[in-house]
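Common to both upcoming complexes is chain A, partnered first by chain B, then by chain C.
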Partner chain A sequence: MSWFKITLIRSGIGMTERQNNVLKALGLRHRMKTVYHPVSPDTAGMIMKVKELLTVSEVDKPLTQAEIHAKRQPPKGYYVEKQGVVREDIEGS
Partner chain B sequence: MLLLRTTQRSVLRPQVIQIYSFLKSTSSTTPRFSIPILSRTIVTSPHLRISSIPAETPTPISPPSEAPPTVQSDPAPTAHNSLSLLTALNAQPSKYIMVKIQGFTFLVTTGDKVVLPFLLKDVRVGDTLRLTHATTLGSRDYTMKGNPYIDERLFECRATIIEETAEPLRKKEKKKRRTRRTKTVKSKHRYSVLIIKELVINDVPPALATAAGSSTPR
Partner chain C sequence: MLTPPRKSPWRLSSGQKYRHRQRLRRVDRTVDVVYKALAKRGMTAAAVERWKSEMPTEAEMKPRDKYTMFDPKQRSYRKGVHKLPKWTRMSQRVNPPGF
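Presenting the complex of A and B:
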């Protein structure tokens, strides 16, 4: 089963009520949000209604919201090599 | 990620040569690298003074009186086959590294105190961190740029968390016109402070040397 990867590139501000309702149905709450929907005539019809605002591609596997968020994060850039000594006389250590 | 390039000063772009010419002319003042990166309250250690570098250090550079070459297109940096320039970089007395911590770039050397613009939640004061993502490794005459990062096996950069501090409390008053209601927003951001304990450049592992040798320069 293939999936549509839909990203809202242009905002829905100033668009008609019908277009904004379609964005709501697709789950696109804000600009640059990415959602995955299965390929079907229903989803295709919704995309066609707001096609000027979207970037669409076809993928095999959908990503969860957590996975999309993790991809966006920059690498931490470090790892803890050695833990410091815990001192009982200092509060909060 | 294994495609690494070391660039000698003579083949750098003109604007970079300008920076080095500036460094050479003001030999009595503490050098300030004018590289446009985001860096916060870095306290550089005094050993970076140019006057402390011995005169007999071999510097394969063009004299400053030579006009910078006018190039139509960017000259391609030389991809050195055996990474032997890394040993030359290592031989120089002072080195710097540009590390990225959570996406923020810091240009540091050993002894620098770095006040991060955020708090590191998963570490405690006193922990030793190994910094892994470096974009540039350099010394006075040599610069090594990663693509986008330098291989982790080539360097060891360790830092210690010395402090978890906060800014002074600041209040922002928000008020609309022709209304009496005033809203006060308080901010007291917390920061982690690191000190760079060591910066060591390792010998090139044989696997990396052969990979660099076989790769063709762009």
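Presenting the complex of A and C:
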């Protein structure tokens, strides 16, 4: 099963009631929000109603909201060494 | 409450035209992705079929249609596409029959 990955990149402010209702139905509440919907004629029709505001791609598996959030995090810049591990790259350890 | 129409130059700048082309292409890409995804699973959607049959892509459009649109009130029957309210979030590609 494949999915549409849909991201709202232009705001729906000032667009018609009907288009804003479509955005609501898709679950797109604010800009840069990404949602996944199964590939079906219903979804396609909804995308076509607001196609000027979206970017769409086809993916095999939807990501959960937590996974999307984790992907957006920057690297921490450090790592925690484990206790009792001898590092061979440091001389004398 | 009505907001008065804003002043705007009669033609688009080259940068505006460039960004307008990018937007047209993005819509083309979106429709294409949806069309291909449905076709892969042997499905169609009326809205996609209609767009594909009626609307030219960015590459197929003439500059006249890209940057200007029909307006019955103008002497030349054309005005800049940026005069259309919300023009950066609208699709305006074809002319009425005969124009």
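Remarks
Here is the rule we use: the second predicted complex is superposed on the first by the 79 of 93 C-alpha atoms of A that agree within 3 Å, B and C clash if a C-alpha of one lies under 4 Å from a C-alpha of the other, contacts with A are read in each partner's own complex, and residues count from 1 in each chain.
Rule of thumb we're sticking to: contacts are C-beta pairs under 8 Å (C-beta built on N, C-alpha and C of every residue); 3 or more make two chains touch, one makes a residue touch a chain.
Small disclaimer: the values here were computed from a predicted structure and weren't measured.
Legend: residue contacts after superposition of the two complexes on their common chain; A:V39 is shown touching chain C, with no touch to chain B. When the two structures are aligned on the shared chain, A:Q65 is found in touch with neither chain B nor chain C.
Touch criterion met: A:V80 reaches chain B, while chain C stays clear of it. In the superposed model, A:R10 makes contact with chain C only, not with chain B. Comparing chain C and chain B on the residues of chain A they touch gives the larger count to C.
Overlap of the chain B and chain C interfaces on chain A: none, as no residue is touched by both.
The touching residues of chain B, counted against chain A in their complex, run 99-103, 122-133, 158-161.
Those residues of chain C that touch chain A in the complex are listed here as 23, 26-27, 29-31, 33-34, 36-38, 40-41, 43-48, 51, 86, 88-91.
Those residues of chain A lying in contact with chain B across their complex are 74-85, 93. Residue ranges of chain A in contact with chain C, taken from their complex: 2, 4, 10, 14-15, 39-41, 44-45, 47-49, 51-58.
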